[in-house]
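Encoded as structure tokens, the structure appears first; notes follow it.
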């Protein structure tokens, strides 16, 4: 049972990661920096509960805010470049963050041991949940409360004028600008919101896993982050959720029998998916077909 | 209302626009014509801030606009349409208008939350009126990309109007339209002017230009070669030469960017 | 004075070594830039394919004890072949204007190649043969490492070869035509797919040489190098200006030189962080790179 709860927690955390990329992709920005924001959230919240012994809620909020702050900072230089250049800039950011935590050593004595990030050895002892006697059920519920909150907020935002403005920027920057939209403000806001969401995800991840190190936050994780909205399409937040369940739940778990070889299959699947359905697996047309086939109707 | 002084734009060694002086009076429909490549679109892009000028000034109701971003100029009251329609194709017709509500009045009238996350009754009513006016009343929930060509033109026109501009720049709005549609467009332009919007019309289709404008400036090779009422301009020799001299290549290049 | 002199020699020696080694970054940067120039797309697989080529070369050395020159040749050919496969798998059939899908597909290929390497080598670093005896030329107080000199020589030779192909052959003419005006090139009867494929093979050949040289200069081949080399290649490409070959050359040397300065002052663990910061400095102050045009590109 606890195995499936663990999987459920992972799906929740990855949904947040995917949603953080989703917000940015609405504005037409493709960022491989989400792994970096995720890492900042994870380490910051971890440091706050372990070294400063804060309760989980303020630590999580602070972690998300710190990640959002860095996203805000990255937003400005990153705005000067578009498209593929932005991809390069954000990969560089993620790598920078990873190397920063690779070098970060901040050990404090706690009883007869030392705790805190230990550079190459990683950051163990993020044991807030265990120390406070949370059950696996409670942890899973806690994670999903945040997933649902963020999804609801984004879903609501999507239907408001704010959502339309984000999408307008993603569709045609020049037309958006000419219609009076402040591109800088919109893009930096999206970047910051993305950083905040990734930060929540990272903070939750660190505490459910109890251990993180720099190898957790590689380009592979950043690729996962953008794969979800790309596969799920940008028509709604649920596409991202479906894609996470599909990749983490069905593919990664379903391919468990392949053992170590499944990462190879993952690479091949991305290539195949992009060749067969370059605009996403669950694009508008496919969603419509799926809905019809299960008898949900759906608008023409 | 709009004053251009010595406005120039150089792309490398090419002088797309070379010292243009122009003044458009409030409440007038002003035509800007010229053969392809004469600098008309460049002028529009300079006025609304898409390009940075190489020299000269753009002054709008007394304010110098140089260095201001397109969205700032829109808030000052300059809106535009594009030569090759640029809607937000995957937004609905309604959303296309909604995102363009950026006039200072709209910003001031709404609180932050209602502006970004809600839609006040007044917003809804005003957008519905705009839709009616564009004859798109029943298509509010349609995706913009699903509209017919003529409807897309009308939507873009309405989107520009949604920003409550005081000056509207129309970049070849009649391109690709039928005679009937052009007539309809002429009516819309006059209607908008009558509601108090000054209009700068860049156009190739002479029947529209001659039909609706009060003053016309003619550009050739980035320079103004004539200025006057439609009648005066038509009789002007330099203008006839500019058009006749390029008419052969003109017809061949029609539809390409100017 | 003596201390100062000593330190000066140390630092210039370090920068010099870095410049020489930077020649490999130049090659990787040229590969990225070549493909970007041709298709306006990023081939994220490129550095991984280059290293995979070097692995094939290493296999040739290990199993049949091939001589140095042959190892390089095999590395280049293998990497060129991988380049062709990557083109077909990730670019050929994806719509031209869909940059996102091509990017994702090539990231997929990056993981695929990386994982294959990890599996065949059990993830552990392999020793790459030193291609020749350790030689040290002395120039005044400075030493010139023979292997680095060789790296520089091979880099220069392959760059010259590439420029020759690009600017003196019909094939290069087609490549340049496609990169500048793809529609016009099509109208002139140039087969765009074939030209693009050729560009991938050319870039691959270059990458194979770079991969083998990196391995030879460092002495080991490890899958851990893939991502850092990819990132550095991208940085070199951006700093040089996307699509600019001279830019990639200069930027490669710059990154190589500065990298060693960072290494000298801050140690190996922090070195790459500063290289990444260098990219951000460029993005803020000179986003179009050293030789890039100021035109916005997607």
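Per-chain numbering from 1; labels A, B and C assigned in written order.
Keep in mind that, in the parts below, a residue touches a chain if its C-beta (ideal position, glycine included) is under 8 Å from a C-beta of that chain, and two chains touch if they have at least 3 such contacts.
The structure displayed is predicted, hence computed values, not measured ones.
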Both chain A and chain B are touched by which chains? none
Could you tell me which chain lies farthest from chain C when each chain's centre is the average position of its Cα atoms? B
So, what's the distance in Å between the C-alpha centres of chain B and chain A? 42
Using CA atom averages as chain centres, what separation in Å is found between chain B and chain C? 48
Measuring from the mean C-alpha position of chain A to the mean C-alpha position of chain C, what distance in angstrom results? 31
Indicate the residues of chain B shared as contacts by at least two other chains. none
Among the residues of chain C, which are close enough to touch at least two other chains? none
Which part of chain A faces chain B closely enough to touch in the complex? 156-157, 160-162, 164-165, 167-168, 171-172, 174-183
Which of the residues in chain C come into contact with chain A in the complex? 36, 41-42, 89-90, 93-95, 98-105, 107-113, 115-116, 119, 227-228, 230-231, 234-235, 237-238, 242, 269-270, 272-273, 276-277, 279-280, 283-284, 287, 296-298
For the complex, which residues does chain A have touching chain C? 30, 77-78, 80-85, 87-89, 91-93, 95-96, 99-100, 102-103, 119, 218-220, 223, 226-227, 230, 260-261, 263-264, 266-271, 274-275, 278-279
Residue numbers on chain B that touch chain A, as the complex places them: 48, 50, 69-71, 74-75, 79-80, 82, 86-91, 95-96, 98-103, 115-119, 159-160, 162-163
